[in-house]
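Listed next: structures, encoded as structure tokens.
One chain, chain A, appears in both complexes that follow, with chain B as partner in the first and chain C in the second.
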Partner chain A sequence: MSSTAARTPSRAGWSIVARQELTELWDSTRGPGVLLGFSVLLAALSYLVSADAGINLLDARESVGVIVQTAIALGTLTALVISSDAISGERERGTLESLLVTPLHRRDLVIGKLISATSMWVAAILVSLPFVVVLARGPGVAFDAVIVLVVAGSLVAAALTAFGLAISSLAMSNRVSLASAISIMLLLAAPSRLPGVTANGVLGSIFIKLNPVSAGLRLANEVLVGQQGWADHWSLLVSPAVAAVVLTAVAIRLSGRIELGDAR
Partner chain B sequence: MPTSTNTPNRLHCRGLTVKYGEYVAADHIDLDVAAGEVFGLLGPNGAGKTSVIRALTTIIRPADGTATVAGADLSDQRTLRQRIGVLPESSGYPRSQTGLSYLRFYGELFGLSRAEAGTRAEQLLDQFGLGRTQQRISHYSRGMRQRLGLCRAMINAPEVLFLDEPTLGLDPAGKEDVVRRLADIAVQDGTAIVLCTHLLDEVERVCDRVAIMAAGRLLTTGTVDEVIDSSAVPRTSRLRVNPDDVAAAHEILDRLDVVEQMQFDNARPGDLDLRLASVTSPTASSQVLTAIVAAQIEIRAFETDRASLNEAFLALTTATGAIS
Partner chain C sequence: MSKLLTPLLLIMALANVGLEPSDASAATPGLDRITVEITPVHADVALGDTIEMRVTITNSSEVARDDLVAHIDVTSPDRGGSVDPEDWTATLSKPVGQLAAGASATIDWSIQPISPGTFQVYAVALAADADDVAGSNVLMVSVTDQRSLNPQGVLPVVLIVPAAVGALFFSRLRRNRA
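For the complex of A and B:
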């Protein structure tokens, strides 16, 4: 084998990284462990909102709304945890330098890791679907619930996964990366918990629509609990969609600024 | 094997300067390493060795200077990276992967097909004694991980191999094995090897030439002998004459400028321990012998101990204040 001539990779760099990352995520305790935690939480919540009438203070539609919103929030969080570890984790474990001295383009490194982290959300959807379908069958909103989960949830998850990766590219410590990403996610999710009057006011409404996380969660509430049609609330998908595109572009753009960190 | 006009330089850098803000980590470094040469880059902690390696492997951008590595300019990063192998000092490893999948991944990053990368990975695992390919890296000993790092650095059959402390964590037999393999790789494959290590015994055995850095500056470059000579470490000699002649010999040698220090060995009458100014006066040993022979004193033995690279290293770096 001669290294003299620069060889064209047999596959795109991002697909090589994605496959390796997916294997590393799912063929270890990390991916399955996080998914198990997610499943247990969702199962416990589903039980609380549906099984015990004495505890359950919600009607059937509200129960579905709570489960879908929780699945989106927690599922997104799992993908965020994985993506915010993606680059800073390599840096901290001392594996980044070996990657940076290969011909792999840094953009491909980020795209491959983005795909791997997104798989966490896909797995979260798959785990959530049975809970959502069973709960939503009673009030007859199973179709809407699944669509909200898949469409709104995927846009929010894509936005936050890219956001976590962007932070991970810049943060010199894994702890900083993880803490920053989760804090900002909680900050973004908080407005969806605003009291009804504030949230329904003009400013509150605009703020919720501009915030991709609260917009996605609000959509689930309006469609599943408020019994309002998609046509009235499609605008709530705009900010998650824009955030997904913009933050993915930012994460890829920031790949050029990935540095080793411990230069001296 | 010193560089010559007949041997193409695989690494050539001039005035390479690395700065972190105002701090100058490497100051106008000039290096040449030929194909098939093992080159030792030495220096105390903080000397700037790792900064030089990181600049030459495109990890950090130098503030000044030019360099070509394996025929590629530093600005042509992708081509350069395709042709080099690097084992960083504090290299980490994904614990959940097997050695085979880890190496295959790197092979693919260097443009090999999955099948080619697998074959190459198996060859290297066998070559470095890591043949149990289904074992996860988490079960590897430190020495095994270090050897795996060497395999990874060689997955693309590099033209230039940068190794930062490659024997770290290895037992004596493991160190010996790696050093022997490095020498073989340089000779058989014509790979230029840049070796950073604190183990100067290894360097003395395996390196064709060495450079010593301290405080970001290059203090000296040359063969091990040249570097020892340039360090001005005095050589010690032992002269043995008939015990009856030892006083006369002492008197004669006392008059020679090249003898800096002299003392009797009370345990062995007839022996004189000499410290010669061998650096400033390369003919010091000859002058001593000539003077003794001229005085018709019978010489029973004369031995000269060569200064070690370790002594030279300490002398050079202490002189710069890098080591107190």
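For the complex of A and C:
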């Protein structure tokens, strides 16, 4: 019997952790502070692109695509920042020890923290929706824009939130955890900015489809800007969905390897 | 009988006299008998407004055409002519379709100026194997500057959403300080 299994298991252990973490995140200034930054950035960008789209400098559909892609990227980043701080932050603040001695499975600890970090993405969606709906009304793509944001964005966010938590479990320093997670996210998002010829080539296309972040962002671009149907590009959802499942499993699996370390 | 028909057919062939009615593919003449007209001839708009214009192409020749393409361009002599027409419309060229001898075709275009000033819009008709084009009159466009504080109605959302999140943030800040 493993040491974790020997502890008193609580079937609702993860919900206790999740409730506690959600309270800490949203009753403090941490969650609202990150969300405020997100909303201000999105508001500024929305105003700029709508001013340009109003005089046709930026096609109205393109402005919706820019806002949805930015909401997915920045919303995911906010959840990633919270998740990559989840374990390494506790370790650095010296509070991990007290968590590990509670009669909770480490798996419950990770699942609870994962739910808490995911709430950041849910909040980001709620903040983004008014901007997306208002901008998408003009070109008549509000439904597609909301679906892309919620479906593609949630899969990308779930994958990267789990990824951040996995890194946080392994990294002894919070700085290392945050820097690694954000750097890798930026690297994954970069291919979506490839020029059209490269991105539409055989290798570029495969690379973008295999990469969950660029696949999600490409889907937003194809459906909202390229005016192409979902049926032509549903395959772009495969890698974000697979990544979300696999990385969540990895993050939970790595819970058994959480060590106290000596981050202080 | 065949001895009589053979020379006759030979003469007809040399004289390019077909037994079938002539068609466009038999020979493609130049476009000197094609006329292009834009209406209206003048438009005063504000920046961001759309101009609906109509291009009428008339085939005054004796042969039908199905290979014509209408193409528009924008220029501004005041600025040395440097205007990118793709900023004004996504579709610069449109096929005219079947145009019988003596017939006219109309093509509607929506264009949207992207900067203030005076511009000239004109259209031409082209054919793949014609070595000339048929040009139109000029649509004079006068665009006055216009900036909206509430582009696409986004201003209320831009103000309200960060304000609501900010209110949440400061309420938490106040509570935690207390």
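One rule holds for everything that comes next: the second predicted complex is superposed on the first by the 246 of 264 C-alpha atoms of A that agree within 3 Å, B and C clash if a C-alpha of one lies under 4 Å from a C-alpha of the other, contacts with A are read in each partner's own complex, and residues count from 1 in each chain.
Everything below uses one rule, namely that a contact is a pair of C-beta atoms (placed from the backbone, for glycine too) under 8 Å apart; a residue touches a chain by one contact, two chains touch by 3 or more.
Keep in mind that what you see is a predicted model, and the values were worked out from it rather than measured.
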| item | value |
| --- | --- |
| Contacts of A:Thr23 with chain B and chain C, given as first, second, both or neither | first |
| Which superposed partner A:Pro103 touches (first chain B, second chain C, both, neither) | first |
| Partner chain in contact with A:Leu260 - chain B first, chain C second, else both or neither | first |
| Chain B versus chain C as contact partner of A:Ser39, first or second or both or neither | second |
| Chain B versus chain C as contact partner of A:Gly13, first or second or both or neither | first |
| Chain C-contacting residues of chain A that also contact chain B | 27-29 |
| Chain C residues within the chain A interface of the complex | 47-48, 87-88, 90, 112-114, 147-148, 151-155, 157-162, 165-166, 168-169, 172-173, 175-176 |
| Chain A residues within the chain C interface of the complex | 26-29, 32-33, 35-36, 39-40, 42-44, 46-47, 50-51, 53-57, 59-60, 127, 130-131, 134-135, 137-138 |
| Residues of chain A defined as touching chain B within the complex | 1-4, 6-11, 13, 16, 20, 23-24, 27-30, 93-95, 97-105, 260, 263-264 |
| Sites on chain B touched by chain A in the complex | 20, 23, 25, 51, 54, 57-60, 70-71, 78-79, 81-84, 86, 88, 90-94, 96-97, 101, 105-106, 108-114, 116, 120, 149, 152, 156-159 |
